[in-house]
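Chain lettering (A, B, C, D, E and F) follows the sequence in which the chains are written, and residue indices restart at 1 in each chain.
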Amino acid sequence: RYGQREDEHQVGAATGLAYTQFGGDTLSIEVSLAKGTGKLTLTGKLGDVMKESAQAALSYVRAKADELELDADFYEKYDIHIHVPEGATPKDGPSAGITIATALVSAFTNRPVRKEVGMTGEITLRGRVLPIGGLKEKSLSAHRAGLTTILIPQENEKDLEDIPESIRDDLTFITVSHLDEVLEHALLKE
Amino acid sequence: RYGQREDEHQVGAATGLAYTQFGGDTLSIEVSLAKGTGKLTLTGKLGDVMKESAQAALSYVRAKADELELDADFYEKYDIHIHVPEGATPKDGPSAGITIATALVSAFTNRPVRKEVGMTGEITLRGRVLPIGGLKEKSLSAHRAGLTTILIPQENEKDLEDIPESIRDDLTFITVSHLDEVLEHALLKE
Amino acid sequence: RYGQREDEHQVGAATGLAYTQFGGDTLSIEVSLAKGTGKLTLTGKLGDVMKESAQAALSYVRAKADELELDADFYEKYDIHIHVPEGATPKDGPSAGITIATALVSAFTNRPVRKEVGMTGEITLRGRVLPIGGLKEKSLSAHRAGLTTILIPQENEKDLEDIPESIRDDLTFITVSHLDEVLEHALLKE
Amino acid sequence: RYGQREDEHQVGAATGLAYTQFGGDTLSIEVSLAKGTGKLTLTGKLGDVMKESAQAALSYVRAKADELELDADFYEKYDIHIHVPEGATPKDGPSAGITIATALVSAFTNRPVRKEVGMTGEITLRGRVLPIGGLKEKSLSAHRAGLTTILIPQENEKDLEDIPESIRDDLTFITVSHLDEVLEHALLKE
Amino acid sequence: RYGQREDEHQVGAATGLAYTQFGGDTLSIEVSLAKGTGKLTLTGKLGDVMKESAQAALSYVRAKADELELDADFYEKYDIHIHVPEGATPKDGPSAGITIATALVSAFTNRPVRKEVGMTGEITLRGRVLPIGGLKEKSLSAHRAGLTTILIPQENEKDLEDIPESIRDDLTFITVSHLDEVLEHALLKE
Amino acid sequence: RYGQREDEHQVGAATGLAYTQFGGDTLSIEVSLAKGTGKLTLTGKLGDVMKESAQAALSYVRAKADELELDADFYEKYDIHIHVPEGATPKDGPSAGITIATALVSAFTNRPVRKEVGMTGEITLRGRVLPIGGLKEKSLSAHRAGLTTILIPQENEKDLEDIPESIRDDLTFITVSHLDEVLEHALLKE
C-alpha cells in the first residue's frame, strides 16, 4: 500500500520519504500532545536508529524553545507521542529526522504542514541536515504520492541527476542544510 | 473456542475481529479503570505491534479529551488496564486499534458498546482508520459469533466481494475512515 | 510433594488446581499486604501468562473497590505481594486467575477462604470466568488433597463426565461464570 | 573454601546450609540497613529463585511488623541490602528462605543470631517452612563448620535417618513448621 | 562521507578523532541543553564503552562545577543530550572521552570550541587523559578535515613518529595529561 | 599498558590489584561525588560480580556512616560515580571490594589514600575481608608499579610463600581481616 499525499494541510503530521528493500515510499509522521508531564512515547515498529533520531529532533526543539516562541514550560506540560502508521511495518534509519522535527514544531506551534511538501534528511542536535541515501527511489515515491515540493539535504544535490527527467520536471527540489530552512518551506504561517 | 457476541451492551469492552493462522475469530477487548495515577497496563499475551497499537489508541483519546467531553484531568486520576482474554493465546498486529479505542472511550464516558457490533481496523494518532488483512475470515467469524454490524476500513471496501454472499446477506458492513465514525456506530447514546 | 488442603480457613490464601506435564496438583496462592504505596510483587517462578493473570485479578478487585466495600484509597496504602510456594517449581497459565482474585479479596476484606474449597478458572477484567484445561487431572489432585468443594468454569461443565465416578461422588462441583459466584462460595462471611 | 561458624553471635547475619553439585556448604546471609527509602538490593550472584525467596522473606517481615514490634514506618526509613558473600560463587534455590528471614528480623530488631545455629528451609508468605533437598550433605557441612543446632523443616524429619549416626550424635536437629519457631530458636533475647 | 572541520567556532560541539576498521575519521560531538531535571540522553548508535565514557566525562564536569564556575544547581536545571551525528554509523570505544568533556564544558559555560582543534583521549573521573590507539589514522583524517591543532594524550607522544612527515608538518600536536590542559587549548575565552 | 603507582596521595582513588588471563596488573578505582540525590553510577566495563562488589562496599560505608563520622544525610546529598579507567578493558570479580570501599571512604571523608599502598580482597556487608586468587601475579604487578605496601586478606597469608623472594623483600605485606584495618593502613590522617 503506497502512501498518498494529505488531502489537507495537517497540524502535527509531516510526510517523510523512506527507502526500504522494496523501494521507496512516503511515510506519515504523526505527533500527538496530551496534558502530561514530559513523557515521550515512540511507536510504529521503529528501529533504534530511528528512535534516537526522534530523540535528537525533540532535543533540538526543546533547546530552541525560545526561538520557536514556545512557552518555557511547554515540555513538562505535555506527554508527547510520535507514531509512524502502518504499525506492522518495521522502519529504521536516521533519514526521517527532519520530518519528525517538523511534525513536532507543527504540533507545538499549531502551524500546519503544507500538504504538498515531502522531505528527507538526518537531523543533528544543532539542527543541521545531513545527507541520506536512496534519493532516486524516494523521489519516485514522492511523485507517485502526488507531492510536488521535496526538501532534500544540501549534500544530496549531486544525486539529483540520477532522477529520471520526467519525474524531476514535476517536482520542485529544495536543498536545505539547516532545520530553519526546512520549517520555512514546510510550515504555513498559520 | 470460538467467541460469541455479548449478551448485553457492555461498558468498557468492545468486540474485535482477529485473523490468525487458524482462521478468523472474535476478540474481546476489555478496559478497566481504577483510581490511580495514569499507569497503563497491557495484558493478554500481546505482541509488540498490538501493544503499540493500544498506546496509539490511548494517545488519541487523551489528545481528544476535550471533544470527548472528558474531564481534563481524567488521565492522571485513573490507572488503565487493557486486557484481551484467553490469556494463553498470543495475539498481535495493529488491526485491533479501533476496537481498543472504542473500548477506552466507552470506559471513560460510560457509554455502552452495542452488543451486535464487531469491528477491525488500524488506528493512527490522528484517529484515521487504516486497512487490514483477512477480511473474509474475520467476517466468517463475526457471522458465527452472531454479530450483525461490522465496521471495516474504507480502504477495505474492495475486499467485500470476496465474502460469500450468504454471509454478506446476514451482515451489515459499514466502511469507516475515521474513529469518529466508528464511535458513532459502535456506542449507544448512554 | 502433593499439596494438602489447609488445616484451617485462611485469610489471604486460596487453593488453586494446577495441571502440569506431571499431572494435577493443588497450588496455594498467598497474598501479603504491607504498609506501602501500591507496589505489586509477583513471585514463585511464575510465567508471563500467570503474571498477567494476576494483574488482571488485581485490576478487577481495584475497579470493584466500591462494591467490595474497600476503602477508596486501599490500593495506594499497601504494597501487595502475591506468591505461589514451592519457589523452585515453574508455574504458568491463566487458570489460577480466580484463585488469585479470591486470595486478594480475602486479604483486603479479612474474610477467610473456606479450607475445603478448591477452584480453577481464568479471570477477565470484567470478572468473567473462562474455561480451563485438565479438569480431570485437577479433580484427582483436589480429591487427593482432601478438598470437597470444587469451583469450575460454567463452560467446563461438559468435562465433568470425564471424571471417574468414585471421585465425582466425593466432590461437590459448582459451576461459576462470574467472580461474584466464586467469592460467594469460597469466602466465609467473616 | 568451606564455611566456618561465627566466632560471636551476630546481628544482621545468619548461617544457612547450601547444597550444590559439589556437596554441602554453609552460607552466610548478611543484611545491612542504611538510612533510606525502602530500596531493596540483592547481591552475591543470586539466581532468580533465591532472589524471589528473599522478597518473600522480606514481605513476611513487613506484613508482621506489628507482631515483631517494629516501628510502623521502619520499611520506608531504611534501604535494605541482602548479600551472600563469596560473590563469585553462583547461588540459587529457595532453601535459604528462613535464613534470610532470620537475618532480616535480627537486623531490624537488633537481636543477635546464635552463633551455633544453622538452618535450612523454604519460607512462604505466611511464614510456613517448606521442605528442602540435600539434608544429608547440608548436615555434613554444618558439622564440619562447627555448628551444633540445626533447624530443619518438619517435613524433612523423615530424612534424618539418612544422616550418619556419628554426625547425628554431634548435632541437635530441631524440626520447625513456621518462622515463629525458627526465630525462637535462632535469636537471642537481646 | 568524511568529516570536515567546522566553518565557525561552536558552542556545545567539539571535534573528536575516531579510528574504525575503515580507517580514521573526524567525529562531531554535540551537546544540547534544555530546561529539565538532570536527565541524560546518549544517542548516535553508541556502544557501551562510549556511553560509559560520556558518563565519566559528565561526572567530571559535575564534580568540578565550582572550579568551572558553574551554578551549583546547574545539573538539576537541565536535561542533557549528547549526540554523535551520522546516526546509522556504530561508534564505540573510550577515546572520545575528552571530546565529550570539552563539548559539555562548552555547552555549560557558553565558551566556544575553536574550530581548528581536534582531539582524542580517554578521560578518567579525575580528569586524567589516558592513551588511545590509531593515532596515525586519526591524524590523517584530522589533516583531511582541515584541522590544524591536535590534542593527544601525553602517553601517545611516542607514536608521533609513525605519522608521515608531510602530515606532521601541517599539524600542531599538543600533548596533554589532564582535561585542564585540553580545555585551555580547545576553548575560546568567550 | 601496565599501571604505575600514583605520584601523589589521592583523595577518592585507590589502587587495587587485578588478576586476568594475561597476568596481574594494578587497577585504579576512582570515586567522584557530585551534588545529587543518591544515584550510583558504575562504569569501566565492569562485570556483574564486580558491580555487586561495589554495591556491597557502598552499603558497608552507608551502614557505618556514624562510625565514619559522615553526615547522616550524606548519601542523599550526592550522586556517586565509581569508575575503573581503561574503559575498554573488561574487569570482573569480587577482589576489588576493599579497594572500592577505601576509595569511597576517602571521597566521603576527604582523607587521602597513601600512594604507596596497593590492596586486594573481597568485602562483605559486615566489612569482613575474604580471600582472593592470583596473589603471586598480583604481587608482581604491584612491585612493577612501584607500590611498597600491599594489603592482603588474612586467609591468603599461606600464599605468601609462592611469591619470589626478590619481590617479597621489596614489599611489605599486611594481612587484614576487616575493613577497619584496611582503612587504618591505607588512609592518611588528613
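Note that contacts are C-beta pairs under 8 Å (C-beta built on N, C-alpha and C of every residue); 3 or more make two chains touch, one makes a residue touch a chain.
All of these numbers come straight from a predicted model, not from anything done at the bench.
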Chain copies touching (chain D, chain F) - same or different residues, decided at half shared: different
Far-end chain from chain B, centres as C-alpha averages: F
Distance between chain centroids, defined by C-alpha means - chain D, chain E (Å): 51
Distance between the centres, which are taken as Cα means, of chain D and chain A, whole angstrom: 59
In chain B, residues with contacts to at least two other chains: none
Chain-level touch network, classified as line, ring, star, complete or other: ring
Order of the ring members, counted from chain B so that chain C is second: B, C, D, F, E, A
List of chain C residues in touch with chain D within their complex: 1, 10, 12-13, 28, 30-36, 41, 43-45, 79, 81, 83, 85-88
Chain C-touching residues of chain D, taken from the complex the two chains share: 48-49, 52-53, 55-56, 59-60, 62-63, 65, 72-73, 75, 93-94, 97, 122, 124-126, 128, 130-131, 155
